[in-house]
Structure formats: C-alpha cells, structure tokens
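Scroll down for the structure; my scribbles are underneath it.
Per-chain numbering from 1; labels A, B, C and D assigned in written order.
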Amino acid sequence: MSTTSRAIASTGRVEALSDGVFAVAITLLVLELKVTEQDAEGGLWHALGRLWPSYLAYAVSFAMIGIMWVNHHAIFSRLALVDRSLMYANLALLAVVSFVPFPTAIVADFIRDDRNARAAAMFYGGVGVALGLAFTLMWGHISHHDDLLKPGLTNQGARRQYRQSAMGMCSYFIGIAVASVSPIAALAVYGALGLFFAITSAHEPLDLTLGVSDQAPTAA
Amino acid sequence: MSTTSRAIASTGRVEALSDGVFAVAITLLVLELKVTEQDAEGGLWHALGRLWPSYLAYAVSFAMIGIMWVNHHAIFSRLALVDRSLMYANLALLAVVSFVPFPTAIVADFIRDDRNARAAAMFYGGVGVALGLAFTLMWGHISHHDDLLKPGLTNQGARRQYRQSAMGMCSYFIGIAVASVSPIAALAVYGALGLFFAITSAHEPLDLTLGVSDQAPTAA
Amino acid sequence: MSTTSRAIASTGRVEALSDGVFAVAITLLVLELKVTEQDAEGGLWHALGRLWPSYLAYAVSFAMIGIMWVNHHAIFSRLALVDRSLMYANLALLAVVSFVPFPTAIVADFIRDDRNARAAAMFYGGVGVALGLAFTLMWGHISHHDDLLKPGLTNQGARRQYRQSAMGMCSYFIGIAVASVSPIAALAVYGALGLFFAITSAHEPLDLTLGVSDQAPTAA
Amino acid sequence: MSTTSRAIASTGRVEALSDGVFAVAITLLVLELKVTEQDAEGGLWHALGRLWPSYLAYAVSFAMIGIMWVNHHAIFSRLALVDRSLMYANLALLAVVSFVPFPTAIVADFIRDDRNARAAAMFYGGVGVALGLAFTLMWGHISHHDDLLKPGLTNQGARRQYRQSAMGMCSYFIGIAVASVSPIAALAVYGALGLFFAITSAHEPLDLTLGVSDQAPTAA
C-alpha cells in the first residue's frame, strides 16, 4: 500500500454517520402522511384511501433509499480505508439521500394535480440523476485508488460498478423523458429502475464481499 | 457452511441501520404531542389532560416499537451473517416500523370521534398485521437458511419463532375484529398482545442467546 | 457468574439504540424554534429576541438530556451484560428521554403566559421526576444483579448511585413545589439540579470506569 | 499515562452520540423545504424555482455541518480517551450543531426580505462564531491534556488546531461585518470559510491519523 502521501482513515465513523443519515431520511418520509379532522369529514376510511399517492411515494422512496443503502453497504464492504476526497464524495451522496423526502412530498402532493403532475415527476427523476451521479463519483474515485480496497481485492469490480452507476444515472434521464408525457408511467419507470439496481447488484458486489469475508472475517 | 453460492455479509451495518430507524421512529412519536395557545385558553392543565388519547397512543406505540426492537435484537443475536434476501426482508420490516407514527397519530386524533374511532383502531391493527407479517417472513427465511446462524445453533428456535410470529400476526386480526365493535377495547387487545410477545419471547430466544454468549463472547 | 438461569445479552445494541434516541431527542428540540414572517414584522432582531424562553428551554433541556446521557454512559460503562428486565427498564428511560421535547415546548410557549406559567413549570418538573424514577429503577436492578457487572466490580457503586437517583427524583418534587409559586425560579432549580448531578456524578462512577479501563481495554 | 487522578472513558459512545446528532441535524435541514398547493398556483416549476434561497441555505448548512463532522472526526482520530470535561465540551459543540437548522431556516426565509436580510445573515454568522468557539474549547482542552491522546502523538498538532480554530472563530466575525453591508456577500464569505477549513484541515490532522493507523490498526 502506497498510502503515505494521502490523508486516510478507517471507515468506521463514515459508515456510522451514513447509517444515521439513511435511517433518519428513510424515517422522515412518514411525516408527510397526515389526516386532519377536516380531511376525515367524509369518513376516515375515505380520507385514508385518498392518501394513495402518499403511500405510493412513501413506498417508492423507501425502496429507493433502501436500495441505495444496500449499494452503499456494497461500497464500504470493499473498502479498508477512506481518504478525504471519498469522505466529501460520501457527504455529497448523503446530501442527496437526505434531500429525497422533499421530492417525495412534491410527488405525493402534486401527482393528481393535472397541471403540475409532470413537473413533480420530472423533479423526482432529477433527484434520481443526482443520486446516480453521486454513486458514479464514488465508484470512480475508488476505481482509481485501489490502495483503499481491502487486501486481496482489485479495482475490477469497482470499475464495473462505476460503469453501471453511470448507466443508471442515464436511465433516470429516460424516466424524466417519460415523465414529460405520463407522470404515473414515470413513477413505474423509477420503481423498475430500483428493482433493476437491486437485482443487478445482487449478482455483482456480493460475491466479492463473500470472498473478503472468507479471507478475513470482518469485525463489526 | 455452504454459503459460497449466495451473497452474504456480516450483520454490523444492518444492525446499525435498524437501530437508527427504531430510534428515530420511536422518538418521532413525540411530535404528535402539541398544545397551542388556543388549546390552553381553558387552562393548561385542562389542555394537557385532554391529550390523554395522545399519551395512550404514545405509550402503546412506544411499547410496540420497543418490543419489536427487543425481538429484532433476538433475531440478530442468532445470526452470524445476512444474505441479500434477509437485507430486503429487514428493510420491509423497517418500512413498517417507521410507518408506525402515522397510525399512532390517527388513533390519537380520532379515538374520541365516534364516527371514526372504529376505522382508526382497525387501521392501527392493520399495521400490527403488517409487523407480524414482516417478522414471519424474516423468521421463515432464517429457518430455511441455517448457514446464516451462529456456529452451534440449529434452526429449531427459528422455526418456533416463525410459528409464533405467524400466530401473532393472526391475533392482530382478532384485534381488528374487536375494533369493529369497540375501539377502546381493541387498544387494550393491542397492548395485551404486546405484553404477550414480551413475555413469551422472554422464555424463548434468550436462552439461546445466552448459550451463544457462553460459547463465543460476542463483539460489540 | 451465575447467569445461566436468566436471559442475557451483550450491551452493544442496547447502547446503540439508546445513543440513537438520545441523539434524536436532543436534536428535535430545535424544531420548536421558529420565526414566521408575521413574527418578523416588527423587525427580525426583535422577533429573535422575543424567543428567549425558547432558547432558555432549549438550553435547559439540552443540558438535561446531555447530563442524562453522561449518566447513562456511566451505567453502561459498568455493565458487561444486560438481561431482559434491564432492557425494558432502559426502554422506559428512553420513553421519558424522547418525551422531553414536549414539556420543553410547553415551557417555551407558556412561561410568559401568567395564567399558565405555573402549570408549565410544574409539568416540566413532573418529567424530571419520571427521569429520576427511571434511573432509580435501573440502578436498583443493577445493584441487585451484580452478575451483570464487568468482572472486578462490586455493586457498592451501584447502590450509591441508586440512593443518589432516588434523592434526585425527590429533589425534583421540590422544584415542582417552587414552580407552584414562581415558574422562573423553578427553571433555575431544574438547572441547578442538573448541575448538581453533573458534579456529583463527576466524583462517582468514573473512578470505577477508569479502573475497568485499566484492567480490560474496552472495544468500541 | 498519568490518568489515575481524573475520570476517563473510552471514546466509543461519545463518537456514537456525536454521529447521531450530526446525522439528525444534517437531515432535519430538508424539513425546511416545502411547497404548498397555494405556492404552486403559478406552476410547480415556478414555485420550486422561488425556493432558491432555501436550496442555497440547505447547501451551505449541509456543507458547514459536513465539514464540522470531518473536523470532529479529526479530533477523535487522535484521542484514545475522553475525560468528563471533554464530554461536556463535546455536548456544547453538539448543542451548536443541532441548533444550525434554525439559523438556516432564518436565512432561507428572510434573505429576500430587504428589511431583515442583514439580521438573518448576521444571526447565521453568530452561530458560526459559536461553532468556532466550541471547537477552540475542545482543541484547547486536548492540547493541555496530552494523556488523552493516542500513544505516540504529541500535543503539537492539537496546539496548531487550537490556533486555527480560534482564527476561524474570528474570521466569522468578519463575515458578520460583511453581513451588515451585504447579506448575500456574507453567505459567500461563510461558504469560503467552510472551503478554507476543509482545505487547511486536509493538510493537517490526517497525516497524524495515518501515522496512528500505521502504528495501531484501529477497530471499528
């Protein structure tokens, strides 16, 4: 390892802060869900039912943040060390993650408003692009600094993830294009993209993780 | 262990994210409690007293989430590894946990509203069913993948917990049936169910945990 | 150690959940602070100044929760294991801790309202009593189960802390009595009590902690 | 080490609480972002665009808290132990960190209000001074208690950081002076200060951290 020229640290606290931000962002989504007494004048069941766009947005965003967390986990399961650039790239990613409740609320509030539904779905897609960009930056940095990797790992996997993240970012642009025609179809695209990332990453980084686990049983 | 064919990881970060979500969800409950200046025009004590349904809902939900956390702890005290399916099952459980503040607010706001109290209590029970379902899924997966367990443990305990979770899920349906008649009685049933889970699990998983602790002093 | 008859576990996740709840509760206090455009019509500085009861309540509650956290830290620095009773006692403590933002908001909103200031300050004191009770329960349990302590520690320190917590709980009753006469004086009493706990505990548990640290360098 | 006369503990839980507070404070910033149906009557894109001061404040505060977290990380990467004074100094720092969402909201709400923009930007700078003060206190304490440092480290680095923090605190006063003339220019100064801290600290503490990492591979 030729790390002496750069400032590095172990990954523990970066993971702790990240887990905290993911946990808070994913839990704040519920604050969007509200039924006032006025809403319930036509009956509570009716009012609860009328919230379906909020449930849908809750589900999509929970899945989105959850899958991002699994991917974040995949990143750090490869890393032995972080340098300061990676810390700041990680903070940029966390800035986007903690921003997600806002576009979620926008979609929930405006998806039924014919005049604004397109804008809402496009705005949501824009945040998807930002998420893809942040992951692309992180994987790109890692693939160029293999001294951060756990012993025995090469940057081959990181390069593959880098290309996939860049593709993922681009495919959110397709979602935005769809949103300019049909907002509901765009939500379906965003959901499908999440599923795609969940499935492809299932075949990818975890074999490496397993390999690492086998070679060196990791501490908490 | 025959884990080479599946993607696995250590449990550290899954527990960290889960603890974060439990902590945030349990603490967000307090945001429901509010006294405005108008509320207090008849005196602050009176206004504080009138909030009893909110205190009750706060207590029931805090107990519910707290007991769920103890059960979650019982699950992970058996596990040495997680696979991706279990990660997603865990995310589904966390989605329900972080949803709990919403039905809690619904019960607090509508339990005194004769027209809507039944719906509120039934909705709350529905979330209890979802929690039971999520735990059943997790225990079911574990009981079929004993390679995830800590060395020395068999899946016997997991199978027992699987059956208990399924029974717990069903008993929330009884609570919903009660709610369709008497909402307050239903809250008592939900509280009793929580107590039941707290007591039965007290006799169950912890002997195993202890066994594990004795065999291999666990890291933080 | 004769722990075989009870269900026990290591302290890691109990501490993690607790740190999460303390962190969220202490950070939610800021949500009370708000200046609307209407508030600022007489000038922003004036509006910011008029919030002094909120700053005071923020400071007192932050100090209260912070000191409670230091005391909680002192408890767990002695423990090697937790049993289920202690888990539930800890959850009860966390329920009070996460409740603190509510009486804080009550004090901030009503301390200048002559008709309701007394009730607000007494209510706040009631939560102080509940905090003292929760700590007394925890120390009492520990002092009767010295098999939970780290090797080399006796329950002497726990018994001393038990008596101190009980005294602390009682002294909050004095604060409530003061509040029935002068709400502002009561806030001063609560602040003084916090200071008292901070100072007395400074002479108490930490020598023991140090002893433990010296004997067995603890993991994260 | 001559620590026997003072109460000390390991750093684990102090870091855990701190990471939690940083994570919550940084994620609560998003709650400021809101678009109501009324806001969107002129079109959602227009309403989203009109929120630019909120995005700006979100970005500046996210960067501010993020950089503070990196600096906090730099402090604790040097420490082997904490004493009670440092615990309370750390709590004071956390009190300021968790306060940041309030001045952020003030800036977002009033930066376009000609009458109040100056006050908003000066208030924000005041919180920057408080942050600098808290860091100065911490570094000052550490530079006078080198028995808290990891083996092999001297207090030379801490003394340098102490002087830098004090200078940083002072430079926020310059920001406040600028704010009394041009609020927008002041925001630029605050951003530049953040960048300055990020860059200078990049050259400073991390070489030491690396040195420590090399000597003793740290646990999570």
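Basically, contacts are C-beta pairs under 8 Å (C-beta built on N, C-alpha and C of every residue); 3 or more make two chains touch, one makes a residue touch a chain.
These numbers come from a predicted model, not from an experiment.
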Relative to subunit B, chain with the most remote C-alpha centre: D
Copies subunit D and subunit C - interface residue numbers shared by over half, same or different: different
Approximate Å spacing (C-alpha centroids) for the pair subunit B, subunit D: 35
Centre distance in Å when subunit B and subunit C are each reduced to the mean of their C-alpha atoms: 25
Touching two or more other chains - residues of subunit A: 12, 15-16, 19-20, 23-24, 28, 31, 219-220
Parts of subunit D lying in touch with subunit C, wherever the complex brings them together: 3-4, 6-10, 12-14, 16-17, 19-21, 23-25, 28, 31, 81, 84, 87-88, 91, 94-95, 98-99, 101-102, 105-106, 109-110, 113, 115-116, 119-120, 123, 219-220
Subunit A residues within the subunit B interface of the complex: 15-16, 19-20, 22-24, 26-31, 33-35, 37, 40, 43-45, 48, 58-59, 62-63, 66, 69-70, 73, 76-77, 198, 202, 205-207, 209-210, 213, 217-220
